[in-house]
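First chain written, first letter: the chains are A, B, C and D, and each begins at residue 1.
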Amino acid sequence: MYDKEKSLAKDFLDGKLSRRELIKRFGAMGLTASSAGVLLNMQASNALAADFDWKKHSGKTVKLLLNKHPYTDAMIANLDNFKALTGMDVEYDIFPEDVYFDKVTAALSSGSSEYDAFMTGAYMTWTYGPAGWIEDLNEWIEDPEKTNPNYAWDDMLEGVKSSCAWNGKPGGELGSADAKQWCIPWGYEQNNLSYNAGMLDAAGIAVPTNIDELGEAAAALTKDGVYGLGVRGSRSWATIHPGFLSGYANFGEKDLNNDGGKLSAAMNTDVSKDYHSKWVKMIQDSGAKDWATHTWYQVGTDLGAGKSAIIYDADILGYFMNGDGNAMGGKLAYAPFAANPEASAPTPNIWIWSMAMAKASKDKDATWQFLQWATGPEHGLFGATKMDFVNPVRKSVWADEMFRERLNSSYPGYVEMHDVSAPGAKIHFTAQPLFFDLTTEWASTLQKMVANEVPVDEGLDQLAESVNVQLKDAGLG
Amino acid sequence: MSYLEVNRVSKHYKKNQVLQDVSLDVESGRTLVLFGPSGAGKTVLLRIIAGVVEPSDGTVFIDGEDMAPVEAEHRGVGMAFQNFALFPHMTAYDNIASPLTAEKLPASTIEERVQSVAKLLKIDHVLAQLPRALSNGQKQRTALSRALVGEPPLLLLDDPLRNVDAKLRFEMRLELPRLLSGRGATVVYVTQDYKEAMAMGDKIAVLNEGRIQQYGTPEDVYLRPATIEIARLFGDPVINLFDVTPNQGADGLFASLSGVDIPLPDLSEQIAGSECVLAVRPENLEFVDAKADNAIPVIVEAETPLNEKVITLAMTTGGREILLSRPAGAPGIASGNAHVAIKIDSTLMFDKATSKLLGSNSNESNRGEAA
Amino acid sequence: MQHVSLIERLLRGVALILVVVFFMFPIVWIVLMSFQTNETILRVPPSFIFEPTISNYKALITGKLETSAASLEINFLRNLGNSVLLSVGSVALALLLGVPAAYAFARHKFKGSEDIAFTLLSFRFAPPLLVLLPLSLYFQKIGLADTYIGLIWVYQLICLPLILWIVRGYFEDISPDIENAYRIAGHSWFSTFRKIALPLAGPGIAAAGLLAFIFAWNNFIFALVLASADKQPVTVGALAFVTASGIQYGQIAAAIVLSIAPTLALALYAQRYLVEGLSLGAVKG
Amino acid sequence: MRAYPLTYKKLTPVSTTASKRKRSGFISRAALPYVLSLPALLVCIGILIPFFTAVFYSLQRYRLSQPWAREMNWGENYLNFLTDPGFWATLEVSLLYAVLTVGLELLLGLAIALLLQRRSRVNNFVSIMLLMPLMTAPALAALMFKLMTNQGFGILSYLLALVGVDDFRWGSSPDTALFTVVLVDIWVYTPFIMILLLAGLRSLPTQPFEAAALDGVPRIQQFFRITLPMLTPYILTAALFRLLESIQQFDIIYAMTQGGPGDTLTVFQVEAYLNFFQSTNVGRSAALLMILWAITFFISNIFIKNWLRLRERARGEA
């Protein structure tokens, strides 16, 4: 690190320089905005150091298992600061997303102590937690000896934070008082609409505000080789959790009933059947032809390539597809979406990329040192403003003017969409260990419905019956 | 002193008995012929001697030493295979040189000895060729050269003339005894051809169904075959066999053949009244006048002149086929009715039930049987 | 050769062209794709006319790709190196272990040899997942997890039975007399094995080795389950271009091309062994 | 024929005296085969241990996410299959897939091998070209076909649309999913069969064909009466290798459709993989794989018995 740059950054933090002036001077020195950000963050980290013994685990190494993801890129870009701050070293293994979770399961189930911490989603902790592979992080968060005073745990978005906490009891409410913090939110995704503004304008179609309008709009937009609505459809839990469950939850529907710890299927109600019918028809009329193999990346690229008009999926897909490398880059817009016409606000189900600590880790305190930095406010702000660390999970980042401004300028409606739907955003699934069994079967049932292999109501009854059998089998029903 | 001794060797593969209690010995510098039909166990016995097959039971001694713990490569044996077994990826030269390279002899010595043996066998012009480029005769000579080149004290030749054409076989049959006798090696020679056996062997061991049937000099085997089977195998055309039941007459033993009473020579055994087989070699039958003693009436069916002899097929009145052989040029009858007589002193008598030769102490020369 | 009519020759020609088109088209298409940017790949209708770019290959080789959204770090060359190391190592070990064993099974019919040979072969057909998962536990305990040695060992599951089975057939096809002759000529069994059996079974060993190499190269799941990112082969590495910020189709294509190239080069080199070598030995009755 | 003068020099015999004879080496003759095969066996035994662990797992009620409920339930995982329609669907689609792919690949492979039988520059070149798909890892081949069948920019979808089939959904429709994965399988593995059969064809002796041609036997009959029977051992080997791999297919199906759409392609390994990695239901996963192993063992047993018999017969004739 160069002294000149360092002193500039220090001046800025001390209030001797304006931000504009700082960036100008950095620019004069040939630094890009993002590396300038790294420098800045470094100084901010140094400022942190005064209040907390960051050097306590100096010389130690933590090893991470990471998914190939912009969050990972952002973290690695800032990693030198962590090393400087703590004197620790960080090693990491990055796996492609297609195989990432299988790799995690393989590593954890083998009892490997190779990885101290890893990226995960909240759903996965419903397996990892009971299996005894990960730690309850409350132990560290609540210990002032181990957690720096500026960590600001309460700064985390409430719905996101509590979605990562579960008491381990099948059907137990997320974020309950006795819940264990299995992982720390890192970045998250709400499921709303991202759409091709040009296409909607050209067709004279208003942004749909409920599922019926969405169906109509999608049908009207399906023409000239473009299909109206992009949603996932592969035979996987991933098909259920984004738009589909967000809309489903908006009707007040649940996946499972919890009768005093006894779980049973709840997806064969009349309302659910109605919702399923609309969903299936929407895909049949205006979905991708190869919907049944679509995972998140086909949904995203099709929107980015101008092959679909609207997606009801993760907001960050729309975010990334608005970038320069895409045919439709800069032409996308965003809107919150409440599927139920009678609902007052959207209730997006969320996906949370989080960090968890492996129980097999040999030095958990040192690992926590890394985790609190990686999920702390400074790195969050750095990632959100300098890199593509969207969506951030901290209120303070969302309140940051520079961040809001940056989004508003190139991603119209994105911030508003987030603000509107954030209060209702949480995991709407019932936490229980059969999550993947049931959602995979659910996805498979949807595929059969879309292929007209089974009528919607019959399919749901069959699904419910099978789910009940499996729950009983596993001692949950 | 016997150089090679095979002592009560047996070999079986699972339940299949290939050799049973075989014993042999060959004196130093002599040639033993192992004779027998295919499947008799000759090749297996040879491999046991060479050390590439282990006997199930019994011992092989070479030069007085028990070979059981000695690997093939240390037995000092040269072997030529019926199928030649040349190394297909080596030139004829390297093939022949292989026993010498094993001895780690200097290249010049190897060269000299290979050339020498190749010249001897007239293949020195094809030494650079791979076996697939050689004619069958050249292959055979290469294989033989390979067996000879190391001057092994014991040579095992497994029917080396089997897979070569008739002309070459004829030539080699003349050539081989000279080659071998000059080298002072002890030889075990396997063949299915009785003439080869007679020509090559100082002694012949007749092997059949895994047992030694007879062990003796070529004359022994030809003149006093131990069994009907051996009598049939040795001799061309094949020996005539007549089922007879000898009776004791006033003048001694006689047998009735096509209604003619034929006097039989005296034998040590009492055979009167028991079923026997009278064996007469074709050359011991002759055409006679109808009035001659013991003339048997026959009808001549066909005559086949060969170079040095004439074979006649005739039928007795009882419907039995008999073969006669006479030197070419000797008088005979080409067709129609005729009479033949048996040179009675040259006949052989076998016990029909056991098929063993009667009237001779054949056991004496058959150690396999005696054991 | 029998007389072939003009019509038949014509039909044969057409059939041959169809076959070549069917099997080569995807490869050609992928090669073309590897010289395009995402933008031209995603163009409708697809077109054979485009401005070729080597940026995909450059990205793979330099390990860095700048996109609008993010700078991707790619370690594809490392994946390629891992594939080479794992495949070569596994085949070498499998040959080292398998050829002598195949020789033993072929030449020395010993008690239970047939059963052992069959058991070994049946491993080739055990579902890999079945052993892989418990194996990861044991590897953890004995320290073989995440090591090349451990991986090469597991790769024996694919390579060893294949080599054993094919090479054994070749040894059996060599007349025992040829080896006996060499022994009797005064050479030890080992020198017989080396100078006679090995050279004569050479084409078969080469063919079996080549097949084993292909199967090892194409394996996907072993390294994924058992090793860390720095030991992953190309089959896993090629998936790295699918990220939240977009799929790099051109690079996937370039990665596929690069991952086929080494095996193809090897196959070109050893082609005669493959066709001619397989015509003897195990495949034969 | 002239008799040769025996001018051969008398040289020192190779081994003369018994005392000089060396005994066998330190490895005795009986032990040799065991010594040679031992390393290979040891390596395999290392893989045997996990195998038995897997058998043990298959007899347990064992979910990683419910460690407290882990217990031996003996054959229950297997018994449950009897009443589990999912299992029977798995069995059916696995067998169907195997029979379809192997059958088609054998036909196609044989046809191509016959086309290329004659040694010529063109044929050799083509046979090398055809090796390329085999060199492509199935996982990557599936990826290639996924790109080519993409509804947006996929060349195959585009070409189909050009000829008027504009609603062909490849792996995304239950009607065409099986076709699609079988197509990929054929693309990857037909060259394997082709190369084995080509090797076989080229090694057939020519005499029977010449004799048949002289006798005026029509070529079709020559094929069925001579070529096919003589090629049988090759066909068996190729079929065995392919059948056992095909019934265990994972890479292609998982990469193309993850077993979907619906439950169309939930073959054994895909189902077992999902059972382990997503549901972490180790007991069921292991039991599924054990059944699969039993099937492959059974098939290979039959094949190899036949193969050995054919081999013996071929030896006997030789």
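Quick note on the criterion: a residue touches a chain if its C-beta (ideal position, glycine included) is under 8 Å from a C-beta of that chain, and two chains touch if they have at least 3 such contacts.
For clarity, every value in this text was computed on a predicted model and none was experimentally measured.
When the partners of subunit B are compared with those of subunit D, the chains appearing in both lists are C. Chains C-D form the pair joined by the most contacting C-beta pairs. Taking each chain's centre as the mean of its CA atoms, A is the chain most distant from subunit B.
Inter-chain centre distance (subunit A to subunit B, centres taken as mean C-alpha positions): 94 Å.
Each chain gets a centre from the mean of its Cα atoms; for subunit A and subunit C, those two points are 39 Å apart.
Chain centres here are Cα averages; for subunit C and subunit D they lie 14 Å apart. Measuring from the averaged C-alpha position of subunit B to that of subunit C gives a distance of 57 Å.
For subunit B, the set of residues touching two or more other chains reads 71, 74-75, 99, 103, 150.
Touching of two or more other chains is recorded for residues 102, 106, 109, 305, 307 of subunit A. In subunit D, the residues that touch at least two other chains are 14, 25, 152-153, 276.
In the complex of the two chains, the subunit D residues touching subunit C come out as 14, 25, 30, 32-34, 36-37, 39-41, 43-44, 46-47, 49-51, 53-54, 57, 111-112, 115-116, 118, 122, 124, 126-141, 143-145, 147-148, 152-155, 158, 187, 190-191, 195-196, 198-200, 202-203, 213, 219, 232-234, 237-238, 244-245, 248, 250-251, 268-269, 272-273, 276, 282, 285-286, 289-290, 292-293, 296-297, 300-301, 304, 307, 310-311, 313-314. Subunit C contributes residues 38-39, 42, 44, 67-73, 133, 136-137, 139-140, 145-146, 224-226, 228-230, 232, 236, 239-247 to its touches with subunit A in the complex.
Within the complex, the subunit A residues that touch subunit C are 68-70, 73, 76, 93-99, 102-103, 106, 109-112, 114, 225, 296-297, 300-301, 304-305, 307, 316-317, 320-321, 323-327, 329, 387-388. Those residues of subunit B whose C-beta lies close enough to touch subunit C in the complex are 47, 50-52, 71-75, 77-79, 81, 83, 85-89, 98-99, 102-103, 146, 150. Subunit D contributes residues 63-67, 69, 146, 149-153, 167, 169-175, 177, 256-263, 274, 276-281 to its touches with subunit A in the complex.
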